[in-house]
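By letter and in written order, the chains are A, B, C and D; residue numbering begins at 1 in each of them.
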Amino acid sequence: MGEVLLKAEKIDKHFGITHALDHVSITFNKGEIHALIGENGSGKSTLTSCLTGIYKKDSGTFILDGKEVSAANQVDGNHQGVAIIVQEIGTLSGLTVAENIFLGNEDQFTKFGIKNTAAMNKKAQEYLDSYGFNYIDAAKTIDDYNFEDRKLIEIVKSTYFNPKILVVDETTTALGQKGREELFKVMHKMRDMGSCVIFISHDLEEVIEQSDQISVLRDGVYIGTITKEEATTDRLKQLMVGREIGNNYYRTDYGEKISDEVVISVKNVSVKGQIDNLSLELHKGEILGIGGLSECGMHEVGKAIFGASYFREGSVTLGDGTPINSIPDAIKHSMAYASKDRDNESLVINDTICENICLPSLEDLKKGGVLSGKTMKEFADKFAKQMSTKMTGVDQFVSALSGGNKQKVVLARWIGKDSDLIILDSPTRGIDVKVKADIYAMMNRMRKEGKSIIMISEEIMELLGMADRILIMKDGKINGEFLRSEELRDTDLIDNMI
Amino acid sequence: MKKLKQNQYFGIILLLVMLVAFWAIFKLLAPATFGSPDKLATYMKSALIYAVGGCGLYFICVMGPFDMSVGANIVLSSIIACNASVRFGYLGLIIAPILCGTLIGLINGLVYIKLHISSLIVTVALSLIYEALSVYATNGKNVILDIGFRAFGDYPANLILAVFAYLLCAFILKYTKVGTYTYAIGSNEVIAKNMGVNVPKYKVVAFTLAGLFFGLQAILTISFGTSMTSASNLSSMSRNFTPLMGTFFGLAFKKYGHPVIAIVIGEMIIQLMFNGFVALGAPTTIQNVVTGAALLLIVALTTKPVKGAVVK
Amino acid sequence: AVPVAAEDDITIGVSIWSSTDVLGSQCKKIIDKAADALGVNVMYVDQGHVSEQVTASVEQLCAAGCDGIIICNSADSEMTSAIQTCDANSVYLTQFFRIISEENSPEVYQTACNSPYYLGAVHEDEVTNGYTLVNLLLENGDRNIGLEAWTVGDATFQQRWTGYKKAVDEWNEANPDDQATLTEPVYANTSSEEGAAAALSLYNSNPDMDALIVAGGGGDPLVGSIGAFANEGLTGKIDVVSTDFLDDLAAQLESGGMFAESGGHFCDPLFAFLTTYNAIKGNYVKDEGTFGYEILFPYLYVSSPEDYANYEQYFVDADPYTDEEIVEMAGYSFDDLNKAATSLSIDDVISRHSN
Amino acid sequence: MESTVKKESAEKIPFLERPIVRTILPIAGFVIICVLFAILTDGKLFKPKNISLLLSQSYMLLISSIGVFMVMTMGGLDFSQGSMLGVCSIVVCWLSHYNIILAIIGGVVTGGLIGLMNGYFNVKRKITSFIVTICNMYLFRGVCAYATTNSPVYGVSDISKYNTLPFMLTFTIVIFVVAYLAFTYTGLGSRLKAIGAGETAARFAGIRVERTKMLIYMTAGCITGLAAFINSIKVGSVTSTAGNQLETQIMIALVLGGMPVNGGAKVRFYNIILGVMTYKVLSSGLVMLMIPTQLQQLILGIIFLIEVALFSDRKTGMIVK
């Protein structure tokens, strides 16, 4: 065990009623990757946000190398040696790559208030090259680069000054294979330089693989720390949830015969730059899994089928041949879609739970052509409760809900609409095991009721566990189809992804 | 063509083409009475005044907020300038409006930030107040700038001052932190904040800077017009639009870089049209129609509609 | 709490385009003077010549409990609604600077006649005003006349324009071989820099322009135009005439920046005020079905520094009427009042005040 | 730092942020203003005859606010209202010589077309409504001026016979009832709010966002057409200045009524009536105090600031543009 680098002492934090952190004390050592895990809402982000100056802690101290750190904001944090890579996009379009990298640190290039752009670009380029990202041009505006590259630029931005502490908060979920590789390289480099990487992820395999030590939070309370060697996924789950839960929340049945009644058939669908002439069929009562690397176009497939993609070519039809060319079409024919991008596409987060649940069903809720607020409330309440959503009431704003509960609202909406063709894109992304279990159970129930589900997911285990049939995509094309079986191994799928 | 589009001067070329096109049209229609060099020079007299305001407004609009008090600011600053020139001569004429304009900008910014209300509302409410003050500042006479202090109303002084303003604007945008942060906030306030940009502070800075430019415009305005009357019932609002038009050009051509040039040429185009119509002996009332339409089309042509983009 | 008109004493409302611009504040000054002298309350509403605000202003003033209202409306038709409101609230109404045109809007005129509360109008003969100014130019040898107006479609401007055209046409009739021209109007709103721009572009488009009419606009466009010409070194080359007295008119006439000007009509509302006052008092009773009291208010013309020196002494520095005179006039019969108004001239004031 | 502190206090739901308080505040504002001026004017302001006078000043603003209200609910802005009213009034007056019904229809259609133009550039060409509507304000002010160059456009002589309390009142009330029912009991309100709060998400919930937006811009225009009819029968003619500053008045009124400027979930229909009446009481109250107009304006500005400072909702859309 290396020597102590950072001591978090009795960190306490409230958000109004929520006690996000309850006197958490953890020590982090030099030269280690220290994972921080816990259910959603357990306080991981809050802790690290307090450290890096995104939030302000109520009480407690962070001791870094013997002296206290208290960051006013991220840049201030950087100057004190702590950096964070957040989950969301952290770069600003309209600015050049260099301006992004040095945002908030211009002063080093500023003389008498004049900014030396040339020097700044040169410096930025040096850093980019040193990370091996020399194909990125520091002088160009960041808009010229895709999501993946912008993430890499962020990594550079938050590590070029060799912080003593680097926080990586749920970043991997946002990254594709390539991105992850690069990220892990950087993390290891930091470790070898004697810094400490605080690594937050919901992917337990990944966690065990990458980290030396693993600390667990539960409901804002520090549970304990175990070493990589002691760690198994089950052990971690138990620590996180506080009780034994086996692997059995996936469906257990195998070899059930899928009806050959086709309910959706997709023919030669293309979406420029995303899907390339793809055809597939969904059968009644089937769970069709679609997997692949996150840029393989699978997320667009969901949109394309739901009639949401702009400039879609090819045809999407129901069993009876009715074409689906727009979202209203789709909804009218009882299709449902839960997007990967929950906060922007699935939910109007600045609106109430009630409105969010009722929106697609407004017409159905009319009594004699009249829509009354009362009916809406009752309707929303019924299904929110049915999904056991944690809320103060249906008038609560969705923005105040936790990720998992947000997802529950999304599902409540479509169950309320009583859809039988359901497209779920990354249904359990950033959601804890309990909620996960609920969602899987629900999917299974629906399947039994003869509803058909398309599940698009980056989590291989989930695909193996839930799908009757799995399509693996690569470069916008289908690259392998697998039927449900116990013999099926994740490696089989991965081979077809890369 | 693709290649040309890449070129960072594409925007400017486009603008110049339009400028020449408009000039050519009117020149054809009214060869005798329109568009000889000396005439162009007089057209540009008012263009360069409004462009200064346009530069100021650009700082605000590029960040997202708006300023509806431009007119009130210019009226009040011009009056102050005129009164000051009586006592302190040219010194007063220059310093007073700059101070007044900047102060008003600062007040706008502070109220907007502190009250956390839409800048649109704040600046309308404050315009009411500034206008009232302008009445007190004139007590019902129209202040007239003394014949001795009108240098900034004519070449070369007006050109020098205006060009100074343009350069200042371009410089701040390109070579200072303020410029970067202005764009950063415009791009995404939340991220900018997390990156340690003091968003409220730089919003106030932008409003204050804008105020400074309106102060400069006031100097040119009073020098060119040589008199100013107090405004009331938001009549000063009508003064918002000509600078705003320039700003729209700036925003529309932002992606090509060089917004300042866009603003200046934009204002020139507008003045060109005004004088064109006079030269044609056409009723100048349609000038508004054409200006509005032309502006709308130009903005439409320069913005590429992205399917599904959220546009408020 | 606040000095709200008690029920017994008289309150007169003033609906004016602006009580704060140059002409507006002169009007306000003389009205306030009269109000003080007669112990009457006045309240002002600025309506900016925006039709719907003109009608609303009358409603506001009625609501505020005025016994009478004097109004400078922008279009005749507004008066229908204004008169209806006043009838409904039994409030007297008198126009100033304006009169309902019998031929253009006969129905409105009829409404006015039928109303017991519409008292009449004090107005200027704008056609003659325009006619006179242009003739001054023509006699001075100017042949290419530029026309600069303020906002489009303003009633007063329309009439002055008629006058300008009348003069030019008559001249061209009389002198076939020495034609005069008048340009299309260029609108400069009410700001000096727009005035300057308009003047310059008129000059650019008509290089041999030798005279400019600035039809009005509250002074600023005129000042702007003169300033612009001064910058271009055109002072004296182009004869500028207008109908808004400038504060520095003396200097301008001296330097040739201004050629001639008509004005001094800011006393017009005073007579509308006195008419209304008397009607409220019950002294003036309008005959059934007639239009009511009409005063044709004279313009003063100034074309030399000496003229202006007097004007300044007797109209600007001092007021053309003393409190005593106002009180006295308030006692006049309408015919006397009318005589007093129509006879107002610089000499008239001199004769009354120079001693 | 400061901003995070602000965020935290926001979490503690201070008194002013409670939903119930939020709904009460604008009403309270209105009541306070009324009481204040009732006292200052010794109750004059609320004599029966004055109420009717107050109303008659408000009809046009009331009606034209409905359209803008809907546009703002969707997160848009509409500055073309004033010029739009001008142009519509011209059409109404012109057609009134043929047939009054035709005149109304004409006004509505004209407004609708202008609205469509706003919609096209905002929705199809993706230009922010602020820019579009300001350009159109400019453009149609020009049209208005051009049409009135030589003389005002007069309505038919007896047009003002409709200018009576019963007619005006019923006309306005009918429009309001229709608008209210449409907004509240057809799901229109929910849709518009959703669009205002999150366009993309609204789209994924099956709302035809583009079509709805277009429709609303057009409807706003049509409603302004109706306001133009009210204006015409009151004024009887149109001059180049008709409708000047109307857009600003509407905005001030709506905001006084507690309307969040960027629209969204917290919009309430009563914002319209509350706002317009507050604004009108305020402006006519100030006239009665017999203070100089510039002082009136000064006070109006200050009261306006105070009202919005106290009553405007800071929690919706933490980012304030």
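Convention: a contact is a pair of C-beta atoms (placed from the backbone, for glycine too) under 8 Å apart; a residue touches a chain by one contact, two chains touch by 3 or more.
Chain labels with UniProt names: A = Sugar ABC transporter ATP-binding protein; B, D = ABC transporter permease.
This is a predicted model, so every value here is computed, not measured.
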Review point. So which has more C-beta pairs touching, A-B or C-D?
Key: C-D
Review point. Which chain lies the greatest distance away from chain A when centres are computed from Cα atoms alone?
Key: C
Review point. Taking each chain's centre as the mean of its CA atoms, how far is chain C from chain D in angstrom?
Key: 35
**Study point:** Chain centre separation (chain A, chain B; CA means) in Å
**Key:** 45
Exercise for review: Averaged over CA atoms, how far is the centre of chain B from the centre of chain D? Could you give it in whole Å?
Suggested key: 28
**Study point:** Interchain centroid distance [CA atoms averaged], chain A/chain C, Å
**Key:** 73
**Study point:** Touching two or more other chains - residue numbers and ranges from chain B
**Key:** 135, 193, 230, 232-233, 283, 285, 308
Exercise for review: Could you list the positions in chain D whose residues touch two or more of the other chains?
Suggested key: 145-146, 149, 200, 203, 240, 245, 293-294
Exercise for review: For chain A, write out the residues touching at least two other chains, lowest number first.
Suggested key: 54, 72-73
Review point. Okay, what are all the chain pairs that touch?
Key: A-B, A-D, B-C, B-D, C-D
Check your understanding: Within the complex, which stretch of chain B touches chain C?
Key -> 30, 33-34, 39, 42-43, 45-46, 49, 135, 138-142, 144-145, 147, 150, 153-154, 221, 224-230, 232-233, 235, 238-239, 271, 274-275, 278-279, 281-285
Review point. Given the complex with chain C, which residues does chain D contribute to the contact?
Key: 39-42, 44-45, 49-50, 53-54, 56-57, 60, 145-146, 148-152, 154-155, 157-158, 160, 163, 231, 234-245, 283-284, 287-294
Practice item. Can you check the complex and tell me which residues of chain B touch chain D? Key: 64-66, 68, 111-112, 115-122, 124-129, 131-133, 135-136, 189-190, 193, 199-200, 230, 232-234, 237, 241, 244-245, 248, 251, 283, 285-293, 295-296, 299-300, 303, 305-306, 308-312
Exercise for review: Mind listing the chain A positions that touch chain B in their complex?
Suggested key: 54, 72-76, 86, 88-95, 99, 103-104, 106-107, 110, 113-115, 117, 310-311
Revision key, fill the gap. Within the complex, chain D is touched by chain C residues 1-5, 19-20, 41-46, 48-52, 54-56, 59-65, 74-78, 80-81, 84-85, 88-89, 104-108, 151-155, 158, 187
